[in-house]
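Right, I'll just put the structure down here and ask away after.
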C-alpha cells in the first residue's frame, strides 16, 4: 500500500461521488433525511485538502489522519462510522503489510463500525456491503488470487450486496422509523460504500 | 429552491453570525470548531451541552442562557455535529461540576456525542431524548426519535442546573421529563435542505404525512388531508396510546403541559387552531392542561406542519418549568433574580 | 390549499379560541362582536386599542398585556374589523382616561376606525402607522402602508401608557415612533387566504416580489431571486432613502432598533442570515444597531419572505422599548414590577 | 320602491355575486389583497338573513338596516363605503319618493362614499362606476324616461365605466401601492358596483 496510491484513491473516490450525486442523494431523500451526499462530499473534500500531509508519513498514520479528518468533517451517522473504520484500521496496519494482514485490518475496521453503530448484518446499513466484502476479501487473500481476479470478485460482491439492501427491513439509522415503507429502497450508506470499494478496485486494477 | 441565502456552503455560518450579533447580550459564537456558549459562563454549575443538526432553529442555540442551556453545538443542516465541537466547547467552558449532554436520539447524534464522550476526561452524563411517539415497534429499531419534547427537557433541566442541582440529579430529572413527554407530528409540505436544493420528499396537494420526523423523514402514513379536528383526534390517540404503553397516567391531577409546535412553514393562527382542537378534546376526556406553549420551537427548515407534545407535570417538573428563563427564544420570569 | 383548518368560515374564531385558551392567564376573548382584551383591565390608564385584518399573527392579539395593548379587534382574514367591534370593546373596558387607537394605514382600517370614532363619546385619538417605505410617490396615493413598524409603536406607546402617560403624550409618542420607523419587505412566495383557497398571486420559481405588502399586495418590482446579500443591499437603500426624505439622521449616536421580521413561511435561520447581512452593511456605513429583534412578528398568513424595519432610538423611545412587557408574544423584563 | 322589490333585489344580487365569484375574486387578487369577493359575499349573506325584518318597515328604515348590516358584516374598505351609501340614502329618502327624489338620494349616497373614502372620480375605485351612474340617473330621471329605456341606459353606463377603470392609475385603496402596475386591471369594487346595478336594472325591467 503506497502513499501515492492512497492519495490517488482519494481523488478518484471524490470524483466518483460527485459523478453519482443524483443517485446517492435521491436514496437518502427516499428513506433518510437527504443529506448523505452532502455529508460524504464534505468528507471527501476534506480529505483532498489534507493530501499534502499524507505524502511522507507511515501507512498507519495515513489511516489515522483520514479517520480524524472524517471524524471532524462529516458528522451525521456516516461520519463517526467511517471515522471508526479508519481509526481502527490505523491501529492494525503496518508499513508493508501483505494482503492477508490488510484483510484482517479491514475486518477489524468493519467490526469497529458494528460496535460504534450497535449494528449487524441485515440492519439495512453500510454494513450490508462492508461485511460481505470483508468476508470475501479474507477468503481471496488466503487463496492469494491475482489482483485482476481479486478486484473483479470484490467488485461483484459489493455490487450484489448493495442491491440486496433493497429488500431489507431497516432497524438502524433514520430509515428505521420508516419500517416496511423502506423496503424497495437501497440504503444510501451501503451505496456509497459500494461506490468507494468499486472505485478502489478499479484503481487497483490499473496498477 | 427559494431561500434567503448567499452560498449554500456558508448558510449555517452566515446564519449563526446573525444570531450571535442579534443576541450579543446573551450568547457568544465560536468558529472553528463551531459552538455557541452563554456570554457569561458559570463554571460552577453543571454544564448543559446540547447540539444536533441545524435546521431546527431556535433549537438549540436559541435556548442558551440563564435557566436553560450553556452550550449548543450546531452541525450542518440535518447533520449531527462532530465530536471536536463538543470537546472544544467543554475545554472552553472549564466546567468544575460536570457536563450533561442533552442529545436527540438519532444514530448520528448518539455516535458523535459518544465519540466526544470517550475523548473527554471531565465527569459527564447523557440524557437521550426520544419523545416521538410516531415510530411504531421501536423495540426492533434503534429507537424513537427525539423531537420537540427536547425543548421541555432543556428548560426543566436548565432550571435545576441553574439552581445548583448536581450532575446526577440533572441526569435523573432529564430522563424523567423525557419519559413523561410524548410527541406526534404531521407535515403538510416537505422541507428543502439548502445544499440539496430540492424538496426532501414529494407530497400531493391533498396529502399529509402523519408521524413525520423533524428532518422530513417519512412518518406512519401518507393520507388525504382532512379537517384539523380529525387530524387532532389522530394525534391525540397516538399520544394516549403512548402514555398507556409507558404506564403513565395522563389524567394526573397536576395536569399536563401542551406544546403545539410549528415546523416553521405553518402560521401561528393555524397552530392556535390546533391548540383549540386538542384542548377541547382533552377537556372532554378529563385531561387537564395546566401549562401551554404554541409556536415554532423545534422546526424542520421550511416545512409546513405541526406537532403536539404532551408532558406530564409533577410538582418538580412544574416548578422548573415555571422558573425564570432568559434565552433568545424563551424568556419569562424575573430577569435579575 | 393545505392548512390546518376545519371550515374556512370558522377559521378566525377557531384560532382565536385556541389563542385565548393558551393564554388565559393574560387575555380574554369576547365573541359577538369579536374583541380580545387583557385579563385584568385597568380602566385608569389610557386604553390602547388596535385591530386590523387577521392573518398577521401575532399582530395584534399577541401583543395584549402589561406594557403593550389593552384591546385588539381582529377582522376576518386580511379584512379590517367593523366599527361595532371597537365600540363594544370600549364599552366593555370603560376607560376613564381616553382611548388611543393604533391603526395601520389601509383605507379599510382607517374608515372602519373612523366610523367607530364617530360613534363613541369617550375622549380618543388615533395613531396611524405607515412605515412601509415600499410605496413610492406616496403623495399621489392614499399613503404608505402600515407594516411591522406597528409592533414597535405598540410596544413603545404601551410602555408609556402603562407608566401613566396621558392621551396626548401617548398620541405624540406614537406618531414619533411611526415617523422614526421605516420598513421594506420581499416575498418569496404568495400567501393563501383560507376562504379564497388559492394563492393571492403567482410567482415564478426564481422570482421575488420586492416591496411586497403584508397582504401579498404587489410591491415595487418583480425580479429574479439573488443572493441574500444583494437583496439586503436593495432593502437598505430603500430604508436609507426614506430616512433621507424624512430628514432624519439614521446615524444618530443613540443607534437604531433593527427588526428582521418574517412573514411566516421563512425559517428563523434565514431571518438571522438577513440580520447578519444588514448588520454588516450597517456597520460599514457607521450605522449603530443598539437593539435587535428577529422573528415572525407581523406575518402574512403562510407567505415566505421577510421585511426589515429600522427605528431610530432617541432616549425616550429606547427607554420605553426596554421597559418590561408581558404579552403572549413579547415578553421581557421583570414580571411583577 | 316597494319592500318586496328590495328584498327581491337582495336575493338577485346575492345570486349574481355567487355566480361571478371567479371574476370578482381574481380582480382583487390581481391588484388588491384577494378578499373582496369574500367580503361582499359575507355582506350579501348578512342581508339575506335580515330579510324578514325588512318586510314591514318604512323605506328609509330599510336602507338604514341595510347600511348597519353592511357596516357590521363586511369590513375592509368596501364595508364602510357601502354602509355610508345606504345610511346616507336612508336619511334622504321617503316613502313613495319619485325617481327624481330617488336619484337625488342616490347622488347624496355617492357623495357620502366620496367623503368617507376621501376619494373622487378617476381614483380607480367603485366611484368610477357610481359617479357616472349617478349622473346619468339624474339626467334620465329629469327627462322622465320609460323604465325599459332608463334601465338599459343605466346598465350601459355601468358597463362602460367599469371597463374604463382598466386604464386608470389607482390612487386610493390597496391598489394605490401598485401604481402603474395596476393599469390594465379592472377595479374590483367598481366591478361589484356594476354587477349590483346591472342586476337591479334587470329586476326593474321585469316589474
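Observations, loosely collected:
To keep things simple, chains are lettered A, B, C and D as they appear, and every chain counts its residues starting from 1.
Criterion: a residue touches a chain if its C-beta (ideal position, glycine included) is under 8 Å from a C-beta of that chain, and two chains touch if they have at least 3 such contacts.
Just so it is clear, the structure is predicted and the values come from calculations on it, not from any experiment.
For this pair, chain C with chain D, the centres built from the Cα atoms lie 32 Å apart. Centroids of chain B and chain C (each the mean of its C-alpha atoms) stand 29 Å apart. A straight line joining the Cα centres of chain A and chain D is 74 Å long. Multi-chain contact residues, meaning those touching two or more other chains, do not occur anywhere in chain D. With touch defined as above, chain B holds no residue shared between interfaces to two or more other chains.
Taken as a contact graph, with one node per protein chain and an edge wherever two chains touch, the assembly forms an open path, each chain linked only to its neighbours along a line.
Per the contact rule defined earlier, chains pair up in contact as A-B, B-C, C-D. Interface residues of chain C facing chain B in the complex, by the touch rule stated above, are 2-7, 11-12, 14-19, 21-23, 54-55, 57-58, 62, 188-189, 205-206, 208, 225, 227-229, 231, 260, 264-277, 279, 289, 292-294, 296, 299, 301-302, 304, 306, 331-336.
Every residue of chain D that touches chain C in the complex is listed here, in rising order: 25, 29-35, 37-39, 42, 71-81, 83, 116-119, 170-174, 176-179, 181.
The residues of chain B lying in touch with chain A in their complex are 33, 53, 75-84, 106-108, 111-112, 114-115, 134-137, 140-143, 145, 193, 195-196, 200-201, 213, 215-219.
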